[in-house]
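In the two assemblies presented below, subunit A is common to both, partnered first by subunit B and then by subunit C.
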Partner chain A sequence: MLGNPATCESLLSPDFVRAAARSRLRRGRLRALLVNTGTAIALTGLLAIPLFLLGSLLPWTGFPATIWHRFDMLLAGTLRAAACAVLVAVPLGIATAMFTAHFCAPRLRAWIKPALEILEAVPTVVLGLIAAATLAPWLKTHVATVLALIVAVPAVLLAAGFAFGSRVRGEGWLPLWLLPLLIAGAAVGVAIAAHRPSAAIVPASPWNAMLVGLALGLAALPLVFSIAEDALFLVPRVQTQAAFALGATRWQALTSVLLPAAGSGLVAAALLGLSRCLGETMIVLMASGNTPIAGFDPLVGLRSISADLALGMPETAPTSEAYRSLLLAALALLVLTVLLGSIADFVRERLRRRLHADGHA
Partner chain B sequence: MLSSIPEFPSSSIAPAGSAENADTALRTEDLSLWYGARQALDRVDLAIPARRITALIGPSGCGKSSLLRCLNRLNDEIAECRVDGRVLIGDTDAYAKDTLVHDLRRRIGMVFQRPNPFPLSIHDNVAYGLRLLGIRHRRELDERIEAALKSATLWDEVAARLDDSAFSLSLGQQQRLVIARALAVEPEILMLDEPASALDPVSTLRFEELLHELAQRYTLLLVTHNMQQAARVSDFTAFMHQGCLIEFGDTDALFTNPRERRTEDFITGRYG
Partner chain C sequence: MTRRRADEAGTWVLAGAVALCLAAMLGLLGLLAGAGFAPLWPATISELHLHDGSTLLGEIVAVYDGAEALRISETDRIGGAYRRVPTADIAAQWQPADAIVLTLTDGRRLFGRGHAAEESTLLASASRPAEVLDIVRPNALGTFARFGVFARNLGRFFGTRPAASNLDGGVLPALIGTLTLVLVMSVIVMPLGIATAVYLHQRRGLGVRFVRGAINMLAGVPSIVYGVLGLGLFVHGLGADIDRWFYADRLPMPTFGSGGLLWAALTLALLTLPVVVVSVEEGLARIPVSLPEGSLALGATRDETLWHLLLPAARPALLTGLILAIARAAGAVAPLMLVGVVKLAPALPIDGSFPYLHPSRQFMHLGFVVYDAALASSDAIRGVSRAYACAALLVGVVIALNLSAILLRNRLRDRYRALET
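Right, the complex of A and B next:
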């Protein structure tokens, strides 16, 4: 059937085939060139940032002690804000991820993930505004209330769980049942506190690290959640099924299979959350009070590297000492975030490779 | 445990043939299953004899695996899955409100199509189910692990390297490890979902010998694509088609003299 060259020739002559192959090769090369050029430009941009910072700093060999002093203060502020935010974002983000990846009813999961991604898309300036304008004055007189609620709400929920937990059906929907309870509980707590304003803990300023932590933590929560959820969801189904088939309860399957397998992914989620908090500018700028105070007290204001850069850059002369101190701070921030990001990437990549190897061993 | 099974005055199809008075380890009554709007099982009545090998055969998508996953309620994990009818494991109603699902699953071991050991050592794989039960004592763990590995005819090959990763074993060894893992928690029934489909012919032969040995002590329920395997290994065979149980009987009788036209078409290779 292939022995009839006449029919072949009439469809695709050898000359035509050869010419078409050559032209395809040419077009392919051209496009590859465009793609490669694009990549090269992106890489140049990436390299340009640290090179610019280093290049601007190099002419000065020594830094006076005042610069270092200022730098220490800014670094302490950045770390304090980030630590407070991580305390909010990491436990909440990872708990939500554990629920969504393992306990959640699939129909609810299809709804929770996009909802939290919308939270990620809320401009941080909006969160900063809410924190600075509404939350700050309230928090000034209610630090004790917040602390009491942080202890009381989980305690009440745990007690309720022990009392009625065995009767609960449909645990995959539980957070929706808890939501009104939680809101009601918080409202009651706030109402009680409003009648008796507590003077037990009064912050020095309404804009302080605790406020930053709440707002910044909320902003970093979706990132931590989505990376942690991916890590947990990536664990091969056959592993969880094997655990279930051996008689594991849902919680046992989580702690004995999912958490060990996805552990490094959860660490990566925490690191990227921290990195995000270190670099975030707008919330810190609006909610921190921008007061240059070093130290580790969460109830006083702070000034962070990022906020200092945003505020200071327009009003410093490019030759002044203040300018140099800004550049130094920028470089430190860059190094810190790149370092954290690289560690997180390394950890995640190792996790992906291990899970992949296990799934197909 | 098995000896105390009451006689069920039920309409379930017991296998036709020699086992009318054998103990029943597992029984389904009017079992139907839906995934959303799609019906996967249609009123299946089945009585699995104790300490025998029962093979489930049928074309792809006929509901064999779905049936297994109904029996240990692994289908609970799937969204929009609905079950109707009864499943009795011994004298426990699997879908009763007060049934503890995880304990039910412990009583029914399951072996999957591809070996799926945990990314742990050989020792810890077999210890997994025991630790779930709260057994922590080192000596007791070791004894039970050794017994389970011996039952799965793997002990001689791994005794010297229990701390090696389970993935250092060959696929055939991994599948026997997975059986040892299931046996360690002392199930009554062992369900195997096409357990030999990932194995080479020599490992498969070895595996089938193991099934014969296990049938002395356990009730085995074997889903297989391979009709020769069903004929070689099983005492009874159930043929399923499009979610229905078509025929269930003594393996030799079913393969040599099927009562149903569809069974005959399938085993003679006319479809499937």
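Right, the complex of A and C next:
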């Protein structure tokens, strides 16, 4: 005898309900198991990095002095390259972030952010190629030109702003007006310098820390920008609006409200930029000449820890002393970057909590 | 008033920084597009008449101050026929319309002038004979014909194997190597990344804080350190063990004990794991709470809500994570140098013979071709222009991936905004 199909009697039988519930439970357990297993594997893989490095170095005590000496050279090279890059990336990135977060027209901002995201996506091997093949021969004779441009461009901009600034309406679109002027100005400067090749500053090697700094700075720029911009944009609007209500100009609102409120975020951006520069490999490998030289001269070549790893690791036998010293270098890189990253994370987290509390108060 | 003007001046400096960033980006893309496609265009052939009465026929490859670099007929070997001609020695210079370029299969190029009959005498002049691949009269080409040659060169660039130790020919193996590597990496990283993101989304407490801390910390670790792990743990550790257990008959020839596709894919999977986790978790968190609440109210368990509602709803976020991971992986060259990328691989990692995918094989990679051609080739001028061509291809792929991720993210945002109202 069939039950009434409309009431679905068979579906309501206690056995069926129990079986269905059991199978649902079992399926749920299975999937939870899958999720836990996946997480465990992922975590094991990630933690394998520090554990592997520590595990293979701990049983090995007493590094010979020659290894330490070489390690010092590599560390000096890494720091010199990173310092040059930070000098490019941090001022440029933070200035761009300040403009984008505070002065920029919203429609322009919607274009600048993806543009810099795309710059971030450019593989570093490509930046290394441009630095080594195109920029290096040019920079060999034009170090003085670059230094002159670094001084001249901001000076000209300051003067122009002082002279015409109050007459220009719509400063939110200013970068687009300045873009062709800047390109034209730089082209004229380069053309003048090309006619009179100056021997004022001649680098010891075409591949030097300054070249690395320019390319590496460009690579780290988008990271510095995005973190600094996030920090500045996180400051509640009511604070800047209060400043405007008290009669502050936009610039005054920036320096007296926005920068004090988001200052630690800018520090975090600089730290993360430095961390990125310390570990970057391909640019340094291609543009630094790979000669271990100590010292602080930005116009001589260098060899960084990361480039040393990339060049030395595949050719070293896994039981040799040189291999262990390379592992030591990798561990140093890991510790440095994790340390910088943790400080930056801590600073950003505190900033976020404080600004969040302010926004609700 | 002065105070106000000083403020404006400060604003102008900041705007100048923005303009400089934009200029740098545009300049970078312009340089890549220009220098990347230049090697594929038919080159103009010049004839130089020197003051000492001799003539030189060839392609001008570089102009220095006071000298020109000329590539003349490579009768002997590729890259062996460059001449540096001081500008002071040149009496006259012109582009003869009847110039012929013979491209040989080993990458060499022979230059000549004259009618069709000249081609065979030109070929006979080569001290080392080879098959003729292509005959072009570049100076006589019209605009459309130039595009035709460009298209043919482009097809050859994509579709053939490299010749002359990677100085000429196509990049097919590098392209296939890159794609296979990224594919295998995606298959490894996506389940792990999704599982971790779901774990972080569902649970609370100490475990979550630990996992999140580990991911945050290791997201900033340089890629070369991942490469060191891949070499030390995967290749020298796991790989050597696998060889000892399963391929003992082939030792001392390593099978998995040397760098290969599998180890490279695993290394890249670890490298891109944080990207996937962050993206998926953000996607899960962005789903309006009303959706899972409705599902729970209808009697679904938490687990059923997750599998039948949250994960399907977060599909665009999964895709965004995958795309960003692929973009990151396609650009990471440094770790690959330690775990199995080679200048010239004898065989592709994926082919028609069983088991089709060969996880222990070494492979070629576009990014590594850029590095190798730029710095380690025997013919620096050809090498650099080839590196630029590969770089333009790589950047094109990576930018296309990133743009699609950005578009997807925007669409996702719009979709949930519609759900919330």
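Keep in mind that, in the parts below, the second predicted complex is superposed on the first by the 324 of 361 C-alpha atoms of A that agree within 3 Å, B and C clash if a C-alpha of one lies under 4 Å from a C-alpha of the other, contacts with A are read in each partner's own complex, and residues count from 1 in each chain.
The rule we apply is simple: contacts are C-beta pairs under 8 Å (C-beta built on N, C-alpha and C of every residue); 3 or more make two chains touch, one makes a residue touch a chain.
The model shown is predicted, which means the values in this text are computed figures rather than measured ones.
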| item | value |
| --- | --- |
| Superposition on subunit A - do subunit B and subunit C clash or fit | fit |
| Subunit B versus subunit C as contact partner of A:249, first or second or both or neither | both |
| Touching partner for A:107 - first (subunit B), second (subunit C), both, neither | first |
| Touched partner set for A:280, first subunit B, second subunit C, both or neither | second |
| Residue contacts with subunit A in the superposition, subunit B compared against subunit C | C |
| Touching partner for A:13 - first (subunit B), second (subunit C), both, neither | neither |
| First, second, both or neither for A:338, with subunit B first and subunit C second | second |
| Partner chain(s) touched by A:66 [first = subunit B, second = subunit C, both, neither] | neither |
| Subunit B versus subunit C - smallest C-alpha distance in the overlay, whole Å | 10 |
| Overlapping contact positions on subunit A, where the subunit C interface meets the subunit B interface | 249, 252 |
| Residue numbers on subunit A that touch subunit B, as the complex places them | 105-107, 236, 238-239, 241-249, 252, 256-257, 260-261, 354, 357-358, 361 |
| Touch list for subunit C against partner subunit A, complex | 4-25, 28, 31-32, 35, 65, 191-196, 198-199, 202, 211, 214-229, 231-233, 236, 259, 269-270, 273, 277, 301-304, 306-307, 327, 330-334, 337-338, 367-368, 370-371, 374-375, 384, 387-388, 391, 394-395, 398-399, 401-403, 406 |
| Partner subunit C, residues of subunit A touching it in the complex | 24-25, 27-28, 31-32, 34-39, 41-43, 45-49, 52-53, 56, 91-92, 95-96, 98-100, 103-104, 112, 114-119, 121-130, 132-134, 153-154, 157-162, 165-166, 171, 174-176, 178-179, 182-183, 186, 197, 218, 221, 225, 249-252, 272, 275-276, 278-282, 285-286, 306, 309-310, 313-314, 318, 326-327, 330, 333-334, 337-338, 340-342, 345 |
| Subunit B residues touching subunit A - in the complex, by the definition given at the top | 72, 74, 77, 79, 102-103, 105-110, 112, 114, 116-119, 128-129, 131-133, 167, 178, 181-182, 185 |
